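The structures come next, written out as structure tokens.
One chain, chain A, links the two complexes that follow: it is found with chain B in the first and with chain C in the second.
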Partner chain A sequence: MTDAALRPAPAPAARRLTQVYGALVRTEMQAASAYRAQLVIGALGWVVPVAFMALWRGAAADGDVDGISAAQFTTYYAVVLLTTGIQISHGLSFQVEPLVHSGELSALLLRPSHPMHPLVARGLATLSYAVPPLLPVVPALIWFLGGTVTADVGQWVLAAALVPLGFVSEVYLGLMMGSLALWFTRSAALSGLLFGAEWLIGGLVAPVALLPEPWSEIARHQPLWFAIGAPAEAISGISELRPWVLVEAAVWAVLLHVAFTRVWRRGMRRHEAVGT
Partner chain B sequence: MSRRRRRDGLPRFHTLRVLSTAWRAELAGAAEYRGDLVIGTIVTTIWLGISVAPVLVVALHTGDANGWTLPKLLFLQAVWYLLDAVVWVVLIVNVGYWEDEVRVGQLDGRLLRPVNSLALCSLSRLHVPDLPKVVLAFGLGALAIALGGGPAGWLPSLAAAVSIASALVLTWALGVLANYKVLTHVRFDGWSVLFAAQNLARVPIPFYGPFLRIVLTVVVPIAFLATVPAEIFYGDASAWLALVAVALAVVSVRLTAVLWRREVGRYAGVMG
Partner chain C sequence: MIKVDGLTRAFTVTDREVGLRAALRSVARRRHRTVLAVEDLTFEVPGGQVMGFLGPNGSGKTTTLKCLAGLLTPTAGTVDVLGFTPSERRVEFLRRLGFVMGQRWQLNVDIPVAESFELHRVIYDLDRAEFRRTLDELTELLELGDLSRQVARKLSLGQRMRCEFAAALLHRPAVVLLDEPTLGLDFEAQQQIRRFVGEYVRLTGAAVMLTSHYLADIEALADRVMTISGGHITYDGDLHHLQTMAGDQKLITARLPRPVPADDVARLGTVREHTESTLVLEVVRGRVGAVVGELEGLGVEDVTLGDPPLEDALRTLYSTPRTPAVGDD
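Then we have the complex of A and B:
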């Protein structure tokens, strides 16, 4: 009998990826559970949407701001608390640089799966602790602070469907920003700009409806808004989403996947694999 | 004539001299990496724009939000950006390395040096690419003043300057207090505490409503980071509040020094 006959048949790619992710996420969850106190401290990251909620509620105290009431701002930022809380792109954009400098990336490249899978798995594992506390907090904030939500079920469905599509796009953006470490010695400052873009055109500093034209319209056709501001605008009733927004978000996810694949391939050509 | 010496045998202002030498070395070293400085300046300028964007959008849609006009909001942002400079120029590059230094044993060597260990470990390095934040903060402050509405007089100006200096000290103390436990804990990351306080400070504290206003002024004095200096400058708060700010800064430094000494006493050396 030949060696080839003894070797187990390779699993289909999708099943294999699921198996790999299952194992990675389990491992990372075990590691994360050892530092629960840190995850509680991580909840302090909630203050950014809460601070902007305060700013806009204050601004709308004497009357609507461009047709947006204080109650809508409350709901908007409560939902933004959730949509920002589930993003793992920040970690991804900063975690590649240390891997390059320490030379750990070389070891990860020897594995039979893409070296970014462990980073994504780590982010997903963190979500298992970071998201559950948000689930009661978000409706509680809306309830206690007098927020209002849309009665249109269709908007709720669209918002719920947009969240995973926006999440995938954000992951690819995070990975691409992280990949800058393959070109620049100190890429963290540039990677941090993803935060800035999220703040401005994602809808964190203000609903993009309040940005001056044409920025408001431009911001409505890019993935950061789909990931953060769009679901919040739909649920708070600030804007009414059309179903085609899902197609647009899906196209962005595919485009960013292709873009990341190319960026990574080019980066690998430059990678010297010796660390610094 | 011999130099005056302290009780521990070290010359007076020894720590200050060591720090100034370290800072000169940092500046000289950074001059060799002008590319990092250029990228740092560009990124810092972009971030200034991002930080100011919320107040500009607010001003675009409202003339006067809760009594906070555009110049007042910009002045608050300038103070906030100065605090941000302390975080990125000083804290991240010093306190941010403690965990690694504990792991590889580098901290042991630093603790043995004949100099104030807290000052050496928390202030000796500078992240030069972020230094333009200081210039930009002053520029933004100047723009806020040029837009009118303040200052309310020479006493409020002086009091505001004192309270801003106190806020810088308070930020440093908060950064150290949030992270000093890393000396005895295998894995500790208290940055979220500092960033939470910092982000709460970017919005005028009265905006948080009456209950949180009291909490963020009396219980956790975040109001003294940016809101109080801005209110003093524009005459919305008494100039004497600057004395409270100074008292807070002094207490925070004393507390930081005591807790640091206690933690160093418990520090067991290289943790592997």
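Then we have the complex of A and C:
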């Protein structure tokens, strides 16, 4: 038997990628199921948005804060609970460093697919356990705590379309931060910057509408806000998104893809394949 | 299949003296120096050949293999594997390469081995029927039995290593790099792996480079041996010739019918072993006839001749920073 006999005609790139991700996510879902405690602990990420919700609802109890009511804060943070819950960038940024320094990256580099695919697939597999519980919780929070939502269907559509674009940008940001491990031994500290940025300009600490100018305006043109705060502001009626925001988010996703590709390529030239 | 010309790989390492003061000083000002892991390596490995690649720890074996696999980009020189430049990591190249690293795992430890194999099928884009056939062959050759149904984490080291071999070779690589494949395995598992590698090469005509600290691996499998020391090739030739490089010595093993005084045998050559029933002498090649004659005079019943162990030849090569390799000008 020749090795050529094993190889069917190559599938188109998009289909191959779908096949590879299908298999990887399936595998990672099985692997994740072995660690039930970890899945439960992962749900602790809910604490942060819920805590900020309580804080801002309290602040707005006696009247609007810069035009934002307690009901809008409720909806805003309920949606942020979902938008932060679907981000996998933190996992990505922190997982690359041990891969590089333990030598496990070498095993992944030997496969004919990008070594970051398994990490992304692991994140997606985790979401398959983490997101379903959130889906009833978010509307329930809004309902029971008296949140208000926009009646503008266009804003709902824009918010829904913005979520995947923001997600993609966050993935590339996480991968880029993780790739710094190819330069720095302790890159996890740098990955912490992504955390901080998400809190401040992503809209976790407060809606960016509350930031002083010009920071508020600047924050509205970067991917962390598209991923976390923007859909929440649109649905809660804090601000109105324009369709142009989708183009901007798509451009960011493409730019970050290109940037990651370059960072990775340069990193590979430096890669010392430590470990055996 | 493998062509290496002038391969050099340098690493930058941080240099720091011992102590807190030196540590604090290094925060502000760090000293680096360049270390050449391998320098100016040139060799070829054709298809169907198993080449044993030997050297002491830190000699550059694994660095060389990593350059061949595309895990490291050479600092200088060219590497051509199957017509590809490995460091470009093209998909078509990776689909024809197999690399088994002693303690580096391809299997996902949290799922049954068969699931990892299936993932491998998808990632390598293998035809389902052919994949099944190859897996059946590998299962038989590696005596996997029902192991593939078990979660990898639960397997013994030997069982897991055999499964790793299957995973690394499911796509029938034309070039196989084996870095300490039998490390930590018991005798039986080592034998199974050796049998398997030999059979795999016979069936597929693959080019194999094998590093191992177990010389039995090399003796059982390698048609050719290359040694490396201090990042330089110190020998490239056949195994038999390497053994003769231990010096112009032969080993004479004699079965003694009765105890022989130590003084009587000491004058014959270097005594390697002397018990009441056995005598092992190392003698200069030209004196073999005379020594055997004298042993017969002592009433020795059974005499066998052999080369000194491979370890002796390797010790000589390892302690010599650079000796002319066979074929070197």
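Note that the second predicted complex is superposed on the first by the 266 of 276 C-alpha atoms of A that agree within 3 Å, B and C clash if a C-alpha of one lies under 4 Å from a C-alpha of the other, contacts with A are read in each partner's own complex, and residues count from 1 in each chain.
FYI, contacts are C-beta pairs under 8 Å (C-beta built on N, C-alpha and C of every residue); 3 or more make two chains touch, one makes a residue touch a chain.
As the structure is a prediction and not an experimental result, all values here were calculated from the model.
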Which of chain B and chain C A:H90 touches, first, second, both or neither: neither
Which of chain B and chain C A:R220 touches, first, second, both or neither: neither
Partner chain in contact with A:R111 - chain B first, chain C second, else both or neither: second
Partner chain in contact with A:R122 - chain B first, chain C second, else both or neither: neither
Touching partner for A:E272 - first (chain B), second (chain C), both, neither: second
First, second, both or neither for A:V20, with chain B first and chain C second: second
First (chain B), second (chain C), both or neither touched by A:L193: first
Contacts of A:W56 with chain B and chain C, given as first, second, both or neither: first
Contact residues common to both interfaces of chain A (with chain B and with chain C): 35
In the complex with chain C, residue positions of chain A that touch it: 1, 3, 5-8, 10-11, 16, 19-20, 22-24, 27, 30-31, 34-35, 103-104, 106-107, 109-113, 268-269, 271-273, 275-276
Residue numbers on chain B that touch chain A, as the complex places them: 36, 39-40, 43, 46-47, 50, 53-54, 57-58, 60-62, 65-66, 68, 129, 187-190, 192-193, 195-196, 199-200, 202-204, 206-209, 212
In the complex with chain A, residue positions of chain C that touch it: 11, 62, 66, 69-73, 87, 89, 91-92, 94-97, 99, 101-106, 108, 110-111, 115-116, 118-119, 122-127, 130-131, 133-134, 171-174, 179-180, 204
Residue numbers on chain A that touch chain B, as the complex places them: 35, 38, 41-45, 47-48, 50-52, 54-59, 61-62, 65-66, 184-186, 189-190, 192-193, 196, 199-200, 205-206, 210-212
